[in-house]
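We call the chains A, B and C, going by the order they appear; numbering starts again at 1 in every chain.
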Amino acid sequence: MGKYILKRASYMIFTMFIIVTATFFLMNAMPGDPISQQARKMPPELQKMIRHKYGLDRPIAERWLMYLKQLLHGNFGDSFVTPGFSVNEIIKYKMPASAWIGIQAVILGLLIGIILGIIAAFRRNTTVDYIVIFIAILGVSVPGFVIAFLLQTTLGGKGSIPIAGWKASTDTFAQGFKYTILPTIALCFGSIATYARYMRTSVLDVINQDYILTAQAKGISKGAVAVKHVIRNAIIPIITILGPQIAMIITGTLVIERIFAIPGMGSSMIEAINTNDYNVILGLTIFFSFLYIVSLLLVDITYCLVDPRISLTKKKK
Amino acid sequence: METVDKSKFRIIGIDENEAESIVRPNLTYWQDAWRRLKQNKVAIFSLFLLILLVIFCIIGPYMGPDYKLQDMSVRNQKPNAAHWFGTDILGRDLFTRLWVGGRVSLSIGFVGTIIEVIIGCIYGGISGYFGGTVDDVMMRIVEILNSIPYMIVVIILSVILKPGIFSLLLALCITGWTGMARMVRGQVMQLKESEYILAAKALGSDSNRIIFKHLIPNTIGIIIVYTTFDIPSFIFAEAFLSFIGLGIQPPKTSWGALCSYGQQYMDFYPHQLLFPALAICITMLAFNLLGDGLRDALDPKLRQ
Amino acid sequence: MKKSKILAAVLAVMMLSTIALTGCGQKAAENTKTPKVLNLLEGGVKTLDSAKATDQASFDIIQNTMETLTVLNNDENVPGAAEKWESSADGIEWTFHLRKLNWSDGKPLTAKDFEYAWKRILNPDTKASYAGFLYILKNGQKYNTGKCSADEVGIKAVDDQTLKITLEKPTPYFFQITSFALLAPQRQDIVEAVGEKYGALTKESLSKMVFCGPFTVQDDSINTKLTLVKNPKYYNADNIKVDKVVLQDIKEIKTRYQMFTNKQLDAMGGRGEYLKLLKQGAEQKKWKFEQDVSPSAYYMQYNCSGKYAENTKILQSPKVRLALTIAIDRDGYINQILKRGFVAYGLIPDKILVNDKKYRDNVQEPLKAVMNQDPKQLFIEGLKDLGLDPNPAKYKLHFLPQGDSADERQQVEFFINNWKQKIGIGEIVIDSSASFDDFLTKIDQQKFDITLAGWGADYSDPYTFVELFKSTNGNNYGKYNNPEYDKLVEKLDVEVDTQKRMELTKQAEELLIVKDAAIGPVYYADRRTFIHNHVKGLQYPSFGGTYQLRYVSIEGK
């Protein structure tokens, strides 16, 4: 296992290099540059001077080498658009809020989703099952903003749950918790549906396997069969989607953050792309892809742990 | 031990001619699937619902005023006799717009998903089945594709390409298939260790046969669930892409675009969001229930 | 069964903890004497460094935490850091006499702080986007482009209380912009000690900031939620009536409305359907309603070069362009679709002054006189002038919307319908831009036929609008080129006399909009705000930052 992880880590460096390079060149192919939007109010000679000062008038290959050199020193660079902010600081300031809500939403969503999925599968084709399917479909096809808005109108402002906003940085965890209630519910709503549906299908697959029949024939109690055999085997597809989803959810969701005015990462990337804030785009891409790749690695490792049949290293038993 | 009286049995003889005949009709895989699907009333109802939606998308636009016609005297009307689903901010009839939009959304949903399933299955199947270096390389490509910010790719595509259905599908599918690929890979990795694959290998089946005859049919359940979840995301993504210049341009419309328009006014004119959202929901519901039925029908494990 | 119990338990725990937590919060608040807190909206603030700020939100915080030479009170410049001032007869030399002021760390504010701040904007190493604004100073442009030294720039601290400014040429709007937050003073020792991070909204940088205005920024602020607290060292602190101002960035109007009605916000702007709802509330006296023109104009920009798509050549005819201008149903657009703004028949909005007189009070909007013409007839005449087939149905035009939002596209469909119905143009295609930069690139390269463009005034003088369409101006995207117009703009640049400026502007506006129809005015932007009854004296300046918080008070909340 240790060797396998080491191998994956070395792949990771290579993968990240390709990602950075591709993003760098694609980003430069987009219309405009970091100066172009403010340039409307600048005299032409001033535009030229500022571009020169930032080195934007140099050939793209040269700028790419400069960026790589800078990366080797562990420096992501500064934002062009938000003066005095480095990319590290943007992540440091925006990440906690997104991660907090994201982690809460994943836990809550996973818990409810898996339970619903199991209930639905064991009571297949009954009313309970149909209700779960229906909730799941609603969860996926009703857009997040509608749910968020409904939550704000029904629960917001009642019992001093804030409609929107975020704690001050001096507030304690407990004081800040009330701000996370509505966004967490809104965010996990969609994932409940996803987990429930996958879990249901997967449990149904497993129930029909021979080893379940064997287990039942051995006289193991229903509950023990469910926990020891069914759930453990059925959870694999959930793990597949869970990895990338966690990476995605803790790096922020645009819609939820907008509606609840949360100072998170969700809008950072979009904003950076819209303003051509090159260093921020690259820095965030590195950060996101690192999280994503690590989460995929974790998924693969969890595979082996959960399902003894899967071997990652192609060794013959 | 209880004993059974021999006199209770009687010899009925044997017809030598029938000894070789097979009582159960000889059904192919697909015939059997269809037979089992027909027995599932919910699935058949969903199929019927989908066909109905398609029919309405074909004839609906001719059942009311022209979908492009702006009439400032009837702006933002609630559903009524003249405008069954009400009107929008420019006074256009939402009933006909809904069905015009349905043409675009349903076809994008179908075609996009089919492309995604095909690419995802082949890619994931190969990666999961062969494992080792092949798997490593193929999965790194997926990681790279998913890590390059999608917005940048889309902006560049829309600068390069002309708006149209092809650009739209390209933008939708360029990374869309990777989730499916990973899913299939995970399943295949699990299944390839099972006994019947070992048996197939022992009998000398080649890889192609094993992937397409054994592995893919056995992952069909998960594939269908994934697919049904992807249809609405295709529908919503289409609206976003059309707004930045890939795909359908006004005055044509789509369900996703209608939802975006409706969203702005949802607390004042909820019907403007309700009907397109409902259309998406019904499509989803029908797909899911049909998908469940199909899953049962296509799953070789459930074949009796 | 067991599982649903677990679920219920989890939910119950969540609910309980919520109640417990909110309970604690309330108790804590009751114990202390309630400070007067104002809750307002503000977009994401980028920096507190006045030299590097480019957005309204940043300028807003700066203007309320720093004291500029003059400050705005109901859009009028009143003494700020400067107690009194005088200027030479030709308007080139200005002398400002500062009052005794202190920074929030107790050190005195001197004329040097102004000199340093203004020169820092022009210093090429600062890379300030707004440096062009100070090209009005003598040698300002030369210094900024590295052609002379800082000493030659026309600003000098004669002594600690006297600031002498020399302009490049007479500039009628110079005095007005002395209240602009860009021109706030800066402390050399602090700026140099903090370096590149000066003004950044990080805890570290904020704790090192010093302020000289009525409020200071609390150092737990982040760019989407800032807390301003009253500055006890401010010279006029006795007249600052609120203790704290919380500014939050809330983007969704639905959320804003919810918070406003729950009194979690003290003021909000209204638009679209919410405007109607908020107005009803104002009629029931639940809150106050204020409306005002804001000095921005929106207009159809026609591609006069006529070099884009297949039929664009027709846009070379002024008659064709005027026909398009006339065919727009402005009332329908403003009242029924956009639900904000004011109908425009000219380029210069209501607020804009020529010296001390309102331009619009003296000059009628030029388009009003020709609105009775038949657009279809005019269009056909235009086609004939160009020697083309006079059937409008045979032509196709492209409209390029600026953004990619849903409502913007719907609005474009409204204009297109106007043109199709009233003129009978065959087809008008809606093009798209992939991003705002893509839009800028496209209009810069004349890859459009028609687009809805807007311009916000930088200062209160018609020149800020009129100069846009000079043939050499970088913002003249339609490539409008008339030597007669250029001459008018050049004359206007140096003319000081009020009456003559008025007349020149009138001629230019008439030429631009009616005779040449290079642009088609659509609407002027507005400000429609709703303020809770307990808030008094909250001002929204027309130029610079969003709020003026020097005169606000909270009574009987």
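Convention: a contact is a pair of C-beta atoms (placed from the backbone, for glycine too) under 8 Å apart; a residue touches a chain by one contact, two chains touch by 3 or more.
All values derive from a computational prediction rather than experimental measurement.
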Shared interface partners, meaning chains that touch subunit B and subunit C: A
Chain pair with the higher count of C-beta pairs in contact (A-B, A-C): A-C
Farthest-lying chain, centroid of Cα atoms versus that of subunit C: B
Euclidean distance of C-alpha centroids - subunit B vs subunit C, Å: 48
Intercentroid distance (Cα basis), subunit C paired with subunit A, Å: 36
Whole-Å gap separating subunit A and subunit B, where each centre is the average of the chain's CA atoms: 24
Of all residues in subunit A, the ones touching two or more other chains: 30-31, 149, 273
Where subunit C touches two or more other chains at once, by residue number: 254, 434-435, 438
Per-residue multi-chain contacts in subunit B, two or more chains: 155-156, 159, 263, 267
Residues on subunit B engaged by subunit A in the complex (per definition of touch): 131-132, 136, 139-140, 143-144, 146-149, 151-153, 155-156, 159, 179, 182-183, 186-187, 189-190, 193-194, 221-222, 224-225, 229, 232, 236, 259, 263, 266-267, 273, 277, 280-281, 284-285, 288-289, 292, 295, 299, 301-302
Parts of subunit B lying in touch with subunit C, wherever the complex brings them together: 70, 72, 75, 88-90, 154-156, 158-159, 163, 243-245, 249-251, 257, 260-261, 263-265, 267-269
List of subunit A residues in touch with subunit B within their complex: 11, 14-15, 18-19, 22-23, 26-27, 29-31, 133-134, 136-138, 140-143, 145-146, 149, 194, 197-198, 201-202, 204-205, 208-209, 236-237, 239-241, 244, 269-270, 273, 281, 284-285, 288-289, 292-293, 296, 303, 307, 309-311, 314
For the subunit C and subunit B complex, residues of the former touching the latter: 254, 272-273, 277, 332, 336-337, 404-407, 409-410, 412-414, 417, 429-435, 438
Residues of subunit A touching subunit C in the complex: 30-33, 35-38, 40-46, 49-50, 53-54, 78, 81-85, 89, 93, 108, 111-112, 115, 118-119, 149, 152-153, 156-157, 159-166, 168-170, 174-175, 177-178, 181, 223, 258-261, 263, 273-274, 276
